[in-house]
Every structure is written in C-alpha cells, then in structure tokens.
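Order as written gives the chain letters A, B, C, D and E; numbering starts at 1 within each chain.
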Amino acid sequence: MTLLAVRGLEKSFGGVKAIGGVDLRFERGAVHSVIGPNGAGKTSLINMLSGIYRPDAGSIQLEGQELAGQPAHRFAAAGIGRTFQNLQVFFNMTALENVMTGRHLRERHSLAAALLRTRALQRAEAQSRQAAHDLLRLVGLCGQDDTRADAMSYGALKRLEIARALAAQPRLLLLDEPAAGLNATEAREIDALIQRLAEAGTTIVLVEHNMALVMEVSDHVVVLDHGRKLAEGTPHEVSSHPGVIEAYLGSAETPAEEAEAAHA
Amino acid sequence: QEAIRIGAFLSVTGPAAFLGDPELKTLEMYVERINAEGGVLGRKLQLFSYDDAGDAEKARTFAKRLIEQDKVDVIVGGSTTGATMAAVPLAEQSGTPFISLAGAVPIVEPTRKWVFKTPHTDRMACEKIFADTQARKLTKVALISGSGGFDKSMRAECVKVAPKYGVDLVADETYGATDTDMTAQLTKIKASGAQAVLNAGFGQGPAIVTRNYRQVGLTAPLYQSHGVASREFIKLAGPAAEGVRLPAAALLVSDILPAGDPQKPVVSNYRKHYEDKFKSDVSTFGGHAYDGLMLALGAMKAAGSTDKAKVRDALEATRGYVGTGGVVNMNANDHMGLDLTAFRMLEVKDGKWSLAK
Amino acid sequence: MLEVASLASRYGRIPALGGVSLRVNAGELVAIVGANGAGKTTLLRTISGVQPASGGQIRFEDADLLKLHARQRVQAGIIQVPEGRQVFAPMTVEDNLKLGTFARGSLDHMEPVLDLFPVLRDKFRELAGNLSGGQQQMLAIARALMARPRLLLLDEPGMGLAPRLVAEIFARIHALRKVGTTILLVDQNARAALGVADRGYVMETGRIVLEGSARDLLHDPQVQRAYLGSA
Amino acid sequence: MLAALVVLAPLALPNNYAYEVAIQIAINAVVCVGLNLLIGYAGQISLGHAGFFALGGYASAILATRYGVPVWLSLPGACIAVGALAHVLGRPTLRLKGHPLAMATLGLGVIISIALTTEDKWTGGPDGMPVPPLVLFGLAVQGEQAWYWIAGGLLVGTVWLALNLIDSPNGRALRALHGSEVAAQTLGIDCTRFKLQVFTLSAMLAALAGALTAHYAGFITPAKATFLHSVELVIMVVFGGMASVFGAVVGAAVMTLLPQLLTVLKDYEMMVFGAVLVATMVLFPQGLVPTVARWWNGRPQ
Amino acid sequence: MGGAWLQFVASGLTAGAIYALVALGFTIVFNASGAINFAQGEFVMVGGMSAATLVAAGVSLPLAILLALAAAIVVALVIERVAISPARHAGTVTLIIITIGVSLFLRGLAQLVWGKGVFRLPAFSGEEPIAFAGATLLPQSLWVLGGAALAVIALRFFYGRTLAGKAMLATSFNRLAALLVGINTRAVLFASFGLAAFLGAVAGVLIAPIAFTSYDAGIMLGLKGFAAAMLGGLGSFPGAVLGGLVLGLLEGLGAGFVSSAYKDAIAFVVILGVLFFLPGGFLGARSSDRV
C-alpha cells in the first residue's frame, strides 16, 4: 500500500536544478533509502517532503491528500516527521523539553488553559514528560533529561533529533543522515531502532551515506544523481548497478583496505 | 531655624532643555545669592529640583516627590505646559502654591486656586504679532510650526485669534523638532502667496526655517515666536536672521531700553548676574524662573510666613511687581497678571536685537 | 612535533578533558577514536586554541602553545577543520577559500586545492551556505589546505560525504601525509581512520584509554567491538 | 514569593511618593513580563510596545470622555481594541525576523506616536489630555494605597499567568520557534499563530498598563508612545534577564528606581545611568536574574 | 505647484544624504559584530560638536576637522575596549543594549562638556544657494552627498576587494571559523569601531553646517540612520546610501505633496511596506537559510 506518492517533483535554485522531475512511491511500513552523491538533491527532496521548500512543480500526496504548497506545519499535522542533516535542535531547552516539544501535535493548546494551568493540562504535561523520558532512553540518551542541548556532543544531538521527531508519532519519518557522526557500533544502534520503528508500522525514508546501514535496513533504495532518479530497487540491485558504482559508491574496495594495502 | 523649601521640576534635559536649563541655573544662582544676603524672613532657602526631561509623567512623579517627601513650601517650575498640567491636580489637592513657568493659556484659564504662572501666554504672542501685521497691512499670513507642545499650542491660539486681527491664514505647515531641512514646507508656503509668515516653534527648528526661508527666496516678512528669544537664534541663523521680527520681553534688549523704562533696572541686573556667572547669553526663560522665584518670595514676605494658604493669598494679591517679563498685577481672576504691553516687538538688525519701529 | 601532556579542559564546571597525554611526531598521521561525547572535539579545539585549557601542557615543536592565541597557532601552521564544517555561509566559495590564506599560505594554492575538489570549481561563486552538506565539508577541508598546514587537525572530515568521496578524502589525507603534513585525525569511521593512520589513540570520557599502532588497534577485539561494529 | 513581597512592601513605604514609585514599578513590571514573553521566550523583538502602552491609555480615555463609556468598561475595551489592532498589525509584521522585525515594530511605534501627537482634536496633541479617574463598583479608586493594591495585585496575577504559560505546551512552542523556526514547523507548530498570540497578549498587557497609568495619573501625553520609551521597556527586560519572568520584574524595578535615585547627581545623571547600564550588561551579560541564579546554583557544587 | 516638486526632491536629498552618511556607520559595526550600534548617532554628534567648539575657539576649520575626527576615534576606541570588547561573547541583544548605554553615557558627557546649546559650523564653501530650474540646494549638501559617495566607494573597495575587509565580514558571519583561519576577532571589532567613529565624525562635520549639532543630536540621527540602513538592506554599503536617500526623498515629497505633519509617518509606512515584501531591504545581503 502506498503511503506517499510523489510525481513530477521539481525544484531549482538559480541555475541549479536540485530536483528535476522525480517520481517516487513510499510503501507503508517499509524502509526506503535515498542515496546519491553529494549535491544530488537528497536533502532538497526531504525539504520538500516535509514542506520546508515549496516545490516548483509536482505533487506530493499522502494517502491521496495533496500536500504540495501547504505550509510546513500542515505536513507535520498530516503525519510527516523528520530530522535534519544540519542540526536544528532547540538549543535554548533541555533535552527533555526538546522531546516534549515534539509532542506538540498530541497536545492541546488552548491559551486559556495554558494561562490558568488547568488540571487537565497538568495531567497531560505529566504524560508528555513521561513519554519524552522514555523516548530519550530509547535513543540512548538515558540520564540526559535535564542536560541543556547546547552542552551536548554532536552525536548526542543527532539522537536527540530522532527522539524529538518520534515524539510526534509520525506515520512517515524522514531521516537525513542520522548516522553521520556516529561510529560503526553506534550506527548499529540506529539500525536496530529503525528496524523496530518499521516493524511498528512507521514508514521510513532514510538519507544516508553509511552504506553498511543502508544495506542492512532498507527494503527499497532510490539513487539520485543531479536531481534525477538514477536507479531504484532492492539494496542488492542498486549496489551492483554500474551507474551507481560509478557515480556514488566508487570501487568496491573500502578505503581502509586500500590504505592497508598501502601499508603493506 | 529651618530653611524655606523651594521645589522645582524643570525640563533640564530633553527637547525642552533650553527652557529648563536657564531656569534651573537662574533658580540655583538666586537661591545662593539670597542666602548670601541672609535669606528671607530670616530663614535660608533650600532648593529641591528635579529634571523631568520634558516628560509629563516624570513631572508628576517629581511634583509628588516635592510635595510628599521634600515637603516644599512652594513649587516654581514646570517648564512645559504638559509638565505643568500634569502637576496641577497635585498642587490643587495638597494645597501647595505652584508658580508655573510654561506658556499656554489653559494653565491659568480657568483660574485655579493654587496655580499661577509667570510667562506671557502664547495667545498674547499671537496677538502681538498680528497687531504688527495689521499695522503693516499684511493680511495673508502663512503659519508654520514645530510639532512640540509649545509650537502646537501657539499655533492653535494663533488660529483662534487670527480673525480678530483680520488675518487670513493661507498655509499651515509643520516640521519636526529635529528636522534638518524645511525647504519643502517653505516652498508650499511660497506658493500660497503669503504676505507674511509666522513660525511658532523653539529650539533649532526656527533657525533652520530662517535659513531655508532665504534659500528658497522668500522675501515676505518672517515672524518668529517668543520661543526663540535668545542670542543663540541669531548665531545659528546667521545673516538669514536679518529682519526677522518676534515678540519678546524687555530682557533681551535691556541695553537699548530707554532710561525711563520701569523694567530697565530689573532686567539689566538679572542679565548681568546671569551672564557674569554662566558666561552664556540670557534667554527670556531664565527670566521666567527669576520672576517665579521673586513672586514667591515676595508673597512670603508679604504674608510674613511660609504658611501655604497665606502665601497663596499674598500671591493673588501681587500688584505692581516689576519683573523680567513685565509688570505683574494679579487678581482672583488673573493668575498671570501680564498684558500685551509686557511684550516688545523686536527685530534683528545687524545681527542684534533691536526694538522694531 | 606535538606533545600534549595531561591536558585538561572544561565547559563551565563540567570537565570535558581529564588529563590527556599524547604525541604526534613530525610527518605522522595519528587517529583518535572514541564514542560520542568522549571529548575528541574538545581535544582538537583545545589544541587549536579556540577552547581554553584548564591544566596541562601542549608543546608544538619548541613553542608552548598554551601561551599563544588561536591566531598565533594558525600562523605557526596548526590548522583545524572543525566539526560541523563552519563555512562562512553568506560568503562565496571563492571568498571562503581566500580567507583560508588570511594568516598564512597564499592564493597560489588555489588551483591545486580546486583540483582536489572539482565541485568547488563549479560552485566557485555560489554562497557557501547554499552548498549541500557534503559540498560544504569539502569546502571546509579545502579552506584549511589553503593555509598550507604543518599540523592539520581534522574533526570528522568524512562526515556526510558519499562513500566514493570518503575513499578519495582518506586517500588524499594519506597523500598529504606523504608530502610532509602532520595530521591528527578524528573520525567516526574508525575503520577508515585507523586504516590510513600510523598510530591511534582511543578516548573515553575525556581520557586516553588505549594507544598503539593503527594496525594493532584495528585488530584489537575491544576496539572492534566498541567502534568498528563487528559483532 | 512575589506575592509576599507585594503584601509586605507597604510596611517599608514611608509616604505617598514611595507608593507612587512602587505603583510605577508594578505597572512597568506588568508590561515587561508581557514583553519578555515575546522577546525572551519567543525570541521576537518589539521596539514599538510604547505605542501600544500609550494607545491603551488614550483609547480608554477617549472612550470614557468622548463616548461616556464608564471607565470599568472603557479600560478592558481599550485593551481589547489594542489587542485587535496588534493582531492585525502583527500578522504581516511577525513574518519578519531579527533586525527587520525590530525596524518594523519601531516603525509601528513611531507611526502611532506621530498620530497621537498630530491628531490633537482627539488626543490633545503634545500636551496630552485629561483622563477621568477609575471607577470600580461605583467607587472611584483614589489615593496611592488603593492604586498600590490594584497595581500590585495585577502584577502578581500577571506573573502567575506568565509562569503558567511558559510551563505549558504553548510556552514550549514559543521557545521552540525561538530555537529553530524550521524545526518547530516540522513538529507541527504553526509559528505564525503562536507568534501572533504572544504578540497580541503582550500588546494587551502593555495597553492595560498604559490605561491604568492614565487613569491613575489623571492625564496622558504622547511622551509615553515614543521610540525612547519603547527602548526603555526593552532595556528593562534585557537588564533583568531575558527568558526570566522574575528578571522582567527585577529589571522593571531597578530601571524605575534607578533614575529616581540618580536625581541627586543632577548633570551627571545621564552619564552615570549610561555607565551603570553598560557595566551591568558587561558583568551580567545574561541579565541580572539569570546570571545571579547561575552563581547561586553554582556555589554548592 | 508645478515646479515645486524639484525643491521637494532637493529637500529630500539634503536630508537623505545626511541619513545616508549615518547609515554607513551602522553598516560597518553591523558587518563586524552583527549588532546595531545605537551609539552611532553619538559618534556623529561628538565629531560635529568637537569641530564646532574648536572653530568657535578660533582653530582653523581644516585643523578643527582633523582634531574632531581624532577625538571621535579615540572616544570610540576607548569605548570599544571598556564596554564592547569585554561583552563580545554575549548575545546580540546584550551588545545592542550596551551600545544604548554607551549612547546615554556619551550624551551625558557631551552635555557636561559642551552644555545644552546648539552649535553650528561654517559652511565649507559658502552659503549662497545653488539654483537650478527653480529649485535651490545649499552647497554644503553637495559636500554631504559627495562625502557619502566617496565613503561608499572606499568601503566597497575595502570590504569587497581586500582580504582584511573580507576578514571583518567573516568575523560577523562565523566567529569560530574566523578564529580558525587566524583572524584576530578582537582586533576586527576594535578596528570596526574606529572606522565607524571615523565615518561618524566625518558625517558630523559635514552635516553640522546644515543640521547644526547639539549634545542630543545623536538621537534623531541614530533613529533615521538605522531606518535608512534597514531600508537599503542592513550590511550593504550602497544599500545604506540608497536607503538614506530614499528615506530623505520620502520625507521631502511626503511633506510637499501629502502632509508635513505626517511626513515621518509616511516615510515609516513606506519602510514597513518595503520590509514586508523585501525583508532584507533594497540591497540586503543574499541570505542563505537552507537547512
């Protein structure tokens, strides 16, 4: 079942066509990876799928509901959550508050209730607090509840963004390089987390350069190059696609091996 | 023995500073002089003064402070009409004699029990000017005014009294207190066919108006208000000031007053004291403060005490006080006590003030 | 060449480095690996002088680095490629590269550096902030190279780069070492980092817990488990 | 704690002048608490709040004197009218950020101030207009003590509401859009709506304070609408500490008291005030309250 | 009112050139620190007042101008060391409030030193108005316009073409990165204040024959200069000049054709309108807000 269908999506900046007519389908509960060389347009795609950029042309339909052209918060309300390649953490808050903010769509925002601090609001707040606490534990930030975000290391912030996005319980989660800045062991934890989320029914769109992670978790991989779809298929199909190797993966040898060869 | 407490709140800084600054200097100087001469009623004077910076709200707070905390016997102050009006209810409520140094008519009309004022009103200035234009057979007059309280109040009074003098107002322009160029307004005035132009304003604006006036080639007589009655105006406006007329008190022309003028000794003395001490030119505004202080002290002497009610009654009974602003005769319906004769029509000649013919 | 002795540093009251000692010999490529928050970035920042030290010593050749400003350290040839790229976003790629020569180096390096990263040539007049993440990363490295570093501090140079480019970057780093640049490298891709390095250090919570030749570390089971993702 | 302070303070107030200052502090603090929600928490700036402050006073005064509306009605009426105006003006204005926003709000303030000065038929021009006294439940509120309790009560209420707001989903939304507007949007936060909400709220608080000042003083002049007064309000907020409700109160208190204390310096007053402001901001860059709070918390460790 | 519009334009240019010069000073400090220096108007005032009092004391005009420029620069550098530099790590808002404190301090100091009088400098090349097509312009206005033109060319060259200028810009964009390429960020702030004061004092000296000067002249100049800088696009030097001239023209034409009482309001309404459509002003920096 298709959750999100994208047709004829286009976006240019000045002379650069960041995305030039892309069609995509994201199936419910599956993990979709988007890979491609630097500057291929992956982040631009994510920005359009989350409503941050308004596409020049094309449609974005979530279960038949047209979203293109709507403000970003409507995308969120429709069930699309995301993380950022360039961190967008609320540095003026603690880790817990960051995640609690993620629950915005699950909360009520009557100004009167907020000003008067009603019983119902207090109960909801306690609930949010607990949920946020659990999410922090889930992404491996146990015990950091009250750490101010501006005192956290890069890797911790990446996880914090994931927890915050999860707090909104999105149907579609867009992850822009979640494992950047994490080492292989840490990336494995993200790997496990993604798989768990997918099993629970969340559809995932993953942009990542960590090929080990992509190969491990993806059901379906899209390769972008120069704003166009270069290839599409299972991880295996894609990784053996000559065009993909040429443009993106490079020679099969890993650099480490290459270097080790040099040592020898 | 306890000192007599004189309270003052003045616009020492802010847009009306050139009112408040000489006023404060005058009060400080004369309190010192009088104390040196032994004080009044055998008691020394003590001055409590605050700077309201031209803000009426601050003026009210300071008036309250003077009345409630400093427990002054009399208040001399209120450089601007706004500041004065803010303090009026407090003086009335507490029963403190209050001599304002501001110009507008509403301060003394209707008469309030405890409130007096020393300067001429802006209405008198308008009348003096229009009397002059009438004499010169100039009927089409253009108005230009600043946007401050003094300027707008005078403008409104001029509009009111114009018909009385057969004056037809053909233009009505405005400029901001800190504007740097008024040629746009003056060009419109030039096109209006005015036979004379009246500028209600004070501070640097009138000097710029005067310079721009010549720049755009206006030749009709230019009248300024009593608000620019100081030598600084001539300095700033330069040669363009030549021929400008304005109504002002005798103070500015003390040196050329005829010997028999009753004000001559008073204004000459005040001028000498002020200029010797501060090495700067007198302005009529310091004179208002002088008059205010002297009226208050005179009333205390007449009452023989500082009892507020008695001082008030004595103030109201002031007759024939010769001050820098003119000869003051107060009564229950007139808490200012000046008439048009107090104003002289001055004209700038050869870079100096002279009496207009 | 670089000698760090029981270096300590803190953020406010919170210690981030608790006595780190390490050594980088001239012409050597040394890698540091460690989990998130171990203090790798803090260590590099303290060496480059943008973060004050609260104790210990750093010697660079014969100079006491802690006595020098960040600027003087740059002049001495210590150049850092910071975490998170830190390009001058509202300026063009060209200006970013030119600014790389502010304290040392010269515009003559422009061509060779652009040859290393041809994308930057295409984007020469584009604002740095509009580049994609990986392009910015390349710009950050290129900017550092413009200064002809003697000691290059690399904080996660491979982050956000396509696998092909990662391979290339590490090859370049390796090549730089060959032309005599001394390099201190931090990268989450521990396999690649140790792959090109001569020696390595492992950091945990602000301390060095393990050191050795890169080869030994790569094969150390503990390192493999914690950082290389081998089960 | 603040409530206790407000209740106990009269013991230390020797005369009506002291009450007067206390009332001014309370009223300024109400404005600052509102403004701090906008500046400190939502990260937006306004250099035009003096305009709303003065409009509140004028609106209530004009409603009462021209249209014979009883003051207990004209006062809330003025607040609502100003709130509506702020809402309308805020919509395009709050699309701006940072310096352009500062400029735009400054412009709004200046325009309001010019209109109040120029439309003398309505406002009495630069010399201002008289304002009838506040009548509540058929009783005219008169005397400093009565006003003190009204202003103090209002302050306690405002602080309570503000604290509640900050610690609610709405408050978090405000802080979030401060931290990163893009991220806030992707969490479903309608940034425009929340910015507008807090802008309107703070404008209404300013209007309320302005109206109370006017009724208390018995007159109002456009001096309260000027750019300089707007700046003064922002200084109070920053001085006390942005993103701290108590900071706003402390800032208002210090910045209201200080000029009164410095009057003894006469000609040196402005210079010393400037120097004190600079020194405080250099020593307490986060503002008085947050920096002191940090020292305080730091000590036990 | 056929030919009058030309005089309205002349009036607008006279005021506008003044605003433009002040706006350039704002731009310099903004480009180094990202903060608005609300003491810029006071730098202008200090320059004008120093020159005016020196001339009044009998010093020749050129020497008085040189001394005034030096005085303003010294004042600004001392202030930078004492008030700005210690707070350079604080947020922008804090920095702005500090500059407001500095402006109060300078105003208070000027009031003590020079009193509250209004001063004037003699015009550099006579007072005889230049007439063209029925409109008139004071020769001094040409000095002001010329000064603004010269300043903008010099600044454009410095910031656009020299590495030192780019380094100053870079510091405001990213302090950390600036440190890492070896820029002395403290010196940048120091130099920018000196430069801003220099330019401010030049403005003060050029405009004092037209607009006069007094201890509180900085308030209006600061407000209008800020508005001009915003209108033209904060950070852009040609923008500052353009913004100043447009602001002046709006006032001149507004006063001429609409209402002199509302001319400032008209100008601000237009500024608001421009900002709503072009938040960066006319020539604001191309912004990059990608994530």
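Keep this in mind: a contact is a pair of C-beta atoms (placed from the backbone, for glycine too) under 8 Å apart; a residue touches a chain by one contact, two chains touch by 3 or more.
Chains and their UniProt names: A, C = ABC transporter ATP-binding protein; D, E = Branched-chain amino acid ABC transporter permease.
Worth saying up front: this structure is predicted, and the values here are computed from it rather than measured.
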From chain B, how many touching-chain steps at minimum until you land on chain C? 2
Result of counting contacting C-beta pairs for B-D and D-E, higher pair: D-E
Comparing centres built from CA atoms, which chain ends up most distant from chain E? A
Remotest chain, chain D as reference, centres from CA atoms: C
Centre-of-Cα separation between chain E and chain B, whole angstrom: 35
Between chain A and chain B, tell me the centre distance in angstrom, where each centre is the average of that chain's C-alpha atoms. 73
Chain C and chain E have mean C-alpha positions lying a whole-number Å distance apart equal to 43
Check each residue of chain C and list the ones that touch at least two other chains. 130
Sites on chain A at which at least two other chains make contact: 43, 52, 84-86, 88
For chain E, which residues are shared contacts with two or more other chains? 111, 219, 261, 264, 290-291
In their shared complex, chain D is touched by residues of chain B numbered 13, 49-51, 54-57, 60-62, 64-65, 67-69, 80-82, 85-86, 89, 104, 147-149, 152-153, 156, 174
In their complex, what parts of chain A are in touch with chain C? 13, 16, 35-40, 43, 85-87, 151-156, 177, 180-188, 209, 211-212, 247-251, 253-260, 262-263
Touching residues on chain D, where the partner in the complex is chain E: 39, 45, 92-93, 95-97, 99-100, 102-104, 106-108, 110-111, 114-115, 118, 182, 227-228, 231, 234-235, 238-239, 242, 267-278, 281-282, 285-287
Taking the touch rule as given, give the residues of chain C at its contact with chain A in the complex, in rising order. 11, 14, 33, 35-37, 41, 83-84, 119, 126, 130-135, 137-138, 156, 159-168, 170-171, 174, 188-192, 194-196, 215, 218, 225-230
Sort out for me which residues of chain D touch chain A in the complex. 43, 161, 164-165, 167-173, 175-176, 178-180, 182-191, 197, 201, 243
